[in-house]
């Protein structure tokens, strides 16, 4: 079994703390994605697991064994680098077999493993080429092949798709997931792209400034973000946040004053909240856009931009007294730029946040 | 093909030997050892030893006699030392022309017509030649009796000049020889710099209406800053180290008027056998250079930190 | 330097242990890189080895100029068994710190008489001999007799004759005196001779030994005479940018009348010019002074640290012999130091032998008679004076400052 | 491109440009033409004062042969080769190892050590003259042998070459080394199998550059050797200058012979040479 667990892991470079205490368990066979903005420490965390950086404090266990001070080669891991790290002076075959050759693996074993990896990754016809003669996607597969032949218990991926174009990226995502199915190994995957995280992960770890903001399945994070950061990071277009005030709480529902004096009501579902400033969070698909006058309680605004994506239209609406909101409308939405509209927030899908960050209440829906 | 612990052992038969465990610390030490050893023995220690020798009176035979800063105080009263120091400053100033000439040449030659590659190489190759040969070539070119320069002066009706034999001109004659390869070097730096400028940047500037001198001044030159930096670095180093040409063309003469610190030091050491005094001159040269090394290091390390 | 010394000692010791020099081998350092000296000493070594079976001589041939500095290195670190060197002050500077071996034993009553006292003096310190002189040569004016005749110049016997010759040659469109001062030392020939002829041997010796001020009126007098030569436009114009070799071609091409130089110049005289180039002694200035001439003497020495002194002494004894000196000097085109050796049949050497035979005193030339340090400063001063005579005071002050520094520390 | 490419201009302008460049080149190389011309003259020409006219009869073969027969020029050239090749090889070896260590490992004093190499590279080497000479005379008995020069050149050039190699290796993706490390490849094997193949272009550039630097050295040849058995061609040429004073045709031929190897290397490996020289001239 190859579960990975980190306990109180810290990393500092000189006086700078980069990783500030991480506790995390990745189960055997899980596909775990570290996601976060650049500089959040996700790559460093991966390198700590790989053993490329020394852990300053805390412990790392892989497969139940303490690996905190074990050299990378002995941790039972393999890593695929963002740049693929292919040796330009070696053929594909030599690249894939390099590590095995350097630790004196018997020749027949090498041959068999390279053949198996090449078959799995459809690289058989390219084995004698140099990396410079391969396309981006092929190079990527070679890098994975090099990891596979080591037959590791844990695969580490450091933004492996960021050098591919959009079409290839979604295709490779699927291939990687298939590979995960086939190999059944634990995979830890670093990306800054929340779409990748959402589509691939069994478990997402959102990192920010060296700390874990939230851990959970993609839908958990999407629906129940623990704080403003996660709420804003997961989902595209991002969640709208509107500053407001809880004026009164009556019968488990809050009366919310929004900028410009608009009023809306939010069911608190048992959460006890006191009057005071809050941020109202609502995802674009939960804002209904109507012509003015259709609904009495709506917020008035003007369309400033309409992005027609075919299946849907992303409308940017400047509120009369407040921020620009983004709403996801039907692909054939009739609204045009400059047009005044009325917005209705679906009360079932409203989140409330403390202006300092933590979620006060996630949407019940 | 699911992974098992047992199979990993085959993939990575990496016994955790003593070497394995410590190689991250040992490898750099081993790799650095030869360089550090050689550098310490032939560069670092000699600098210290040279400073030590400079505090002594020593002719290489008799025991060294400690004289404190005696050699240095003597420098203050030594006319030849001053002449050499002033000449070094002149060299420094004159060598600042090399980047200017080099840039001019680079601008002239930065074309892609047929044959320009060869032309550029030909312009460059004075730099490839040994200074000994450059010295001989120029010494002869400037020869008072039959040098080509005087032949050419004769054509336009000017009297011959004895540049290397005249205290007023000797230094300039040697510096001219020094500028020849130095300009070539700067030229190649600028040519490379010009090639590396993003053409879109120049096009954009042209669209904004910048042309000729203004384009050069406001767009091209700032882009050439790295080249200028290196050009100045090598010119300063070249000017302070100047020895070969002086030694070959004038031997510091007439009567030390074209001497430079490096040459005067050599002469004091090996012609007058004043090791301590020679070392003191070397120290002064070293101190001048230190200011500059410090400047260079600071700017380089600052870049490193970024 | 302690580290160096300790390591040096260790290196020497290990060197001794590691490579014992085979008995019967002599290491012989020479500065005979030029063709004629090289041939001369190769012949010497061959003959010596033939006469002393079992002894082999290993020659290390150095270039003439760098020999002067490198001898300091190996004399103090890894001395050979035998080395060529100069006599006089240059030798004494190595005798004082005990780097050269006393070879007085070679100068038995029989051999001693073969060397004139003035020659023997130059290898003698405290009544002990530290080298064997084997060769020397004369200095004087090498002149184009044909040009002098054409310009109406008669014998140059006195100072005024010399000044007159300058005027006449100049009038005839000939550069009177050829000189190449880029190497500095040719100027010292002029200084030495004017001083010797004007102030005499005693004063000159006091000056070169650092016992007299360079601002002494007698020294100023030397420069006053020199100034007369400048005023009479005796010297060629571009002498500062010419080496002595470069300058000599003016003499051969008939563009210049005379040159004050050592006999070594005769090696380079082209056949067609030889007939017209004569030798004369430098003219008299002060009448009645004992005749003194410049005659640099070469000698052969044994370093104190030599490993095979027994065989080294044999080589010195061999070099001392009249017959050997005859052959060597024939190839060298110089004069044998042994007065029983034969001067080779060469008119310049015959003239030189005659000149030096009558001389009462011999000097070794400024850069061998005084410290190299002082000589270099002085010779640069001479060159500067010749170009800018008005700077004489500064030049002399500078030399005097150096003299005080150098001779105070000794 | 700046200045404006001439392809866009009239043929007349291009012709004018070619004229200007040709004349500049002629003036620029005039001293060299002069020396090349002289190396073909007969001695008669020179003694008759025909320094600059057309040679009355060409003596190319004679003069160039005479250089070798009348002087130890052949020996000097051989010495230069024997000094330069091991010195270049040694410098590259030592500095590649050091450059790799400084670029790839984090350890205390890394930057300080790096700065020391850079600073040492700029030291006016005359400062080292007396101690280094004493070292070779008294401690390491190699004075007046080619090995003194070889050793010293390796040591001194290590400063520059380490700076060069360190920066080059620094530019290589760290991942290449890390990937090998994860696969259990030993550090020294990483150096040999991964880094060395990757730095080949830098090695080529440095090799050419160092070849000319060391080949052209004059100062140390003067300080550390003195006999013909060890003297390289630069110092040899200067020594011959005394012997050949009147024989300008030999002097010129000798100078050209001495310069030839570095010129040949330059033209043969121009791309590498310029790449080495201009490293750092492009980006900041």
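Order as written gives the chain letters A, B, C and D; numbering starts at 1 within each chain.
Keep in mind that, in the parts below, a residue touches a chain if its C-beta (ideal position, glycine included) is under 8 Å from a C-beta of that chain, and two chains touch if they have at least 3 such contacts.
Just so you know, these numbers come straight off a predicted model, no measurement behind them.
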item	value
Partner chains shared by chain C and chain D (touch criterion as defined above)	B
Distance-maximising chain from chain B - centres being C-alpha averages	A
Inter-centroid spacing, chain B versus chain A (mean Cα positions, whole Å)	54
Separation of mean Cα positions, chain C and chain A [Å, integer]	91
Chain A-chain D separation of Cα centroids, rounded to whole Å	55
Whole-Å separation of chain centres (CA-atom averages), chain B against chain C	40
Residues of chain C touching at least two other chains	4, 73
Shared interface positions of chain A, touching two or more other chains	71, 73-74, 100, 103, 150
Touching two or more other chains - residues of chain D	134-135, 183-184, 186, 222
Contact footprint of chain C on chain D as seen in their complex	47, 133-135, 137-141, 143-144, 222, 226-228, 239, 242-243, 245-246
Complex contacts: residues of chain C adjacent to chain B	1, 4, 69, 72-73, 75-76, 93-94, 97, 99, 181-184, 237-242, 372-373, 376-377, 380-381, 383-384, 387-388, 398, 401, 405, 409
Chain D - residues contacting chain A, complex	173, 175-176, 178-186, 189, 193-194, 197-198
Footprint of chain B on chain D - complex, ascending	1-3, 5-7, 14, 17-18, 20-21, 24-25, 28-32, 34-35, 49, 51-52, 93-95, 97-98, 100-102, 104-105, 107, 111, 113, 115-120, 122-132, 134-135, 151-152, 154-156, 158-159, 162, 183-184, 186-188, 191, 212, 215-216, 218-219, 222, 234-235, 237-238, 241, 248, 251, 255-256, 258-259, 262-263, 265-267, 270, 273-274, 277-278, 280-284
Sites on chain C touched by chain D in the complex	4-5, 7-8, 11, 15, 33-34, 60-63, 66-67, 70, 73-74, 77-78, 243, 245-246, 249, 253
